[in-house]
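The following blocks contain the structures, represented as structure tokens.
Both of the next two complexes hold chain A, though its partner changes from chain B to chain C.
Right, the complex of A and B next:
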């Protein structure tokens, strides 16, 4: 697993308070009960801090799967 | 779960559209209504029907869902700002007036979206129940009433419905809110002539005589006011000694037009006390049944509603 992906997984796991093994490319609010609109805000703030990036809230609110989040972070860092 | 699809058609129309448009809100709404009771479903169905009449665009469930989702998105955006900065984005009334209240089309969407939170946000439904069960029963002798900041008009409609001998004044800075409230009163089957609309900024002028009110509504108002303390103190003088006020606000509750920040229940209660009021009855609500202490420590939302009387 790439470093960026692992760090994203770890942030997810920490914010959602789940085992990191439950986070994968298909994870989305539909199959992770802890992922709701409130934890999503915490997730975005956590990603900003972890990667020292700035997430436009309008963009951030549309990141509705782990894969979208991961691709977004990768792009921000490239 | 109640058979919503067959028994509460209008509510289902909105829920179905929300579910199509947002996975987050689909989850939240379905999870909430799974354990809701008959009282909720009857009220929610009636509210959607009334809102459809007010909007007057036919069965516009997609529009209602879209505005509800847009409204919740604006909240989430401000929550992100609050989580990072530890304060509300705006502290100046003129900024939020220009951004929100002065724009009639924007305000229409805003109050429709806000209106739907009364049934899709558990804390807002609980506040509505507190209003209906703890404030309205005091109203059998109410003759003169007023509401500052009428919004979507649902509270005022229930106010008039529950206090049949009362005539009232609607005071709001937005002509859209005043118009919508009158339409909501009519949609509730009541005579809108009972409620006199007055477009006014209460921070500049209060169009009420001293000691004239049996009842006053100030729900979700004070956090929108820059000098909330002056307004709250001034409104205390408008009450008869025997009068009651329904008051609600929230701590740690960012929104695009919230400017007065309370960080704890204690701060709200001190504010009430300093401005000449006393609490007769109160209700607290937090997110996900968090304790108030944890909510205050973590900077999370706390809803506060109360029945007040003047000291």
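Right, the complex of A and C next:
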């Protein structure tokens, strides 16, 4: 697992209060009940701090799966 | 299910189309959605048939049958198979004591969120800010059951960087945590940070703005936004007009008058939200329209004439909430001509129809204050 991917998984697991083994590319608000509007904000804040990036609300709106989040972070860091 | 014209409407910015450009597209989107509800929701078909309405042939929006909000209190109306039901939303039990029941499938839920978020961002700017929420901590905590008030607050948090609540509950009564609020606002002032202060209208004014004015306490939060939502009845009885609320908020928080924003919306058309613009009127996005109807004859009224507001939008496809006659009175201000620059129909909401008892989220919240 790449370093970025592992760090994303760790933030997800911490914010959603789930085991990191349950996070996969298909994880989304529809199949992870802990992923609600509030945890989504906490997730964005966690990602911003971890990777020293900025995520505006419009960008945040589109991050609707773990895979989209991971690809977004990779893109921001490239 | 594909809704080609609806998808095209949603590609536009909320207020960029003039009526002449929007109307043909909007009418086609409404025809497709009306036909979908007619085909898939038996009670809606019965209503249309009784009125002799053919969803494939109507040419004017005013011909579209409307459902009064009370209809949603009697039954869960669906235009989808029950197995596709993703979430049921219940309104706060208002006029009748019975909550509205709204059934969402995933596409409708997603579409509503996106529409709501885009309107909010257009008004607040695409920037995440610290939120000072005039409600109890439980309102933003993760819980298995989310009430209407909490749901309203949480729907706005997508543009928050942090959220802090400034109300505490003591012996079953709510009080403003003045120290906490002052600390937050002083810090924002010191850092030159633009924040959002969010609260229900009466709470914002009666428990924050008025006491601060009485103490001659002011802040300089230039660029911050003051968002409030909920009924005006309690403030009207205290002779506080919308204009006075804006002036007083502007004075207390040191923000521009245009940065005091009143949000209006209702559960039967979640996803549609109507913030006041800098000119203190509300605008229909390209994916919606509004009519005022005479309360007695129910005929459509010309601009400037007060009537019951009928809201029309194709964004709900899981239930027939595409044409709803509310119990709210208002009038059309104009079309494509607001000095703020937003295109589309501009309107004002003036209050509830006289025979209606007002008990929305904000009123219920107000009763809990000590």
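Things to note:
Following the convention adopted for this analysis, the second predicted complex is superposed on the first by the 78 of 78 C-alpha atoms of A that agree within 3 Å, B and C clash if a C-alpha of one lies under 4 Å from a C-alpha of the other, contacts with A are read in each partner's own complex, and residues count from 1 in each chain.
Methods note: contacts are C-beta pairs under 8 Å (C-beta built on N, C-alpha and C of every residue); 3 or more make two chains touch, one makes a residue touch a chain.
A quick note: this is a predicted structure, and the numbers were derived from the prediction, not measured.
When the two complexes are overlaid on their common chain A, residue A:36 makes contact with chain B and with chain C alike. Legend: residue contacts after superposition of the two complexes on their common chain; A:28 is shown touching chain B, with no touch to chain C.
Shared-chain residue A:50: touches no atom of chain B or chain C.
By the touch criterion defined above, A:10 lies against neither chain B nor chain C after alignment on the C-alpha atoms of chain A. Contacts of A:61 after superposition on the shared chain: both chain B and chain C are touched. Counting contacts by the rule stated earlier, residues 30, 36-38, 40-41, 44-45, 55, 57-58, 60-61 of chain A appear in both its interface with chain B and its interface with chain C. The touching residues of chain A, counted against chain B in their complex, run 28-30, 33, 36-38, 40-42, 44-45, 48, 55, 57-58, 60-61, 64.
On the chain A side of its complex with chain C, the touching residues are 30, 34, 36-41, 44-45, 55-58, 60-61.
Touching chain A in their complex are the following residues of chain C: 106, 113-114, 117, 121, 126-128, 140-142, 154-155, 157-163.
The touching residues of chain B, when paired with chain A in their complex, are 23-28, 72-73, 76-77, 79-81, 83-84, 287-288.
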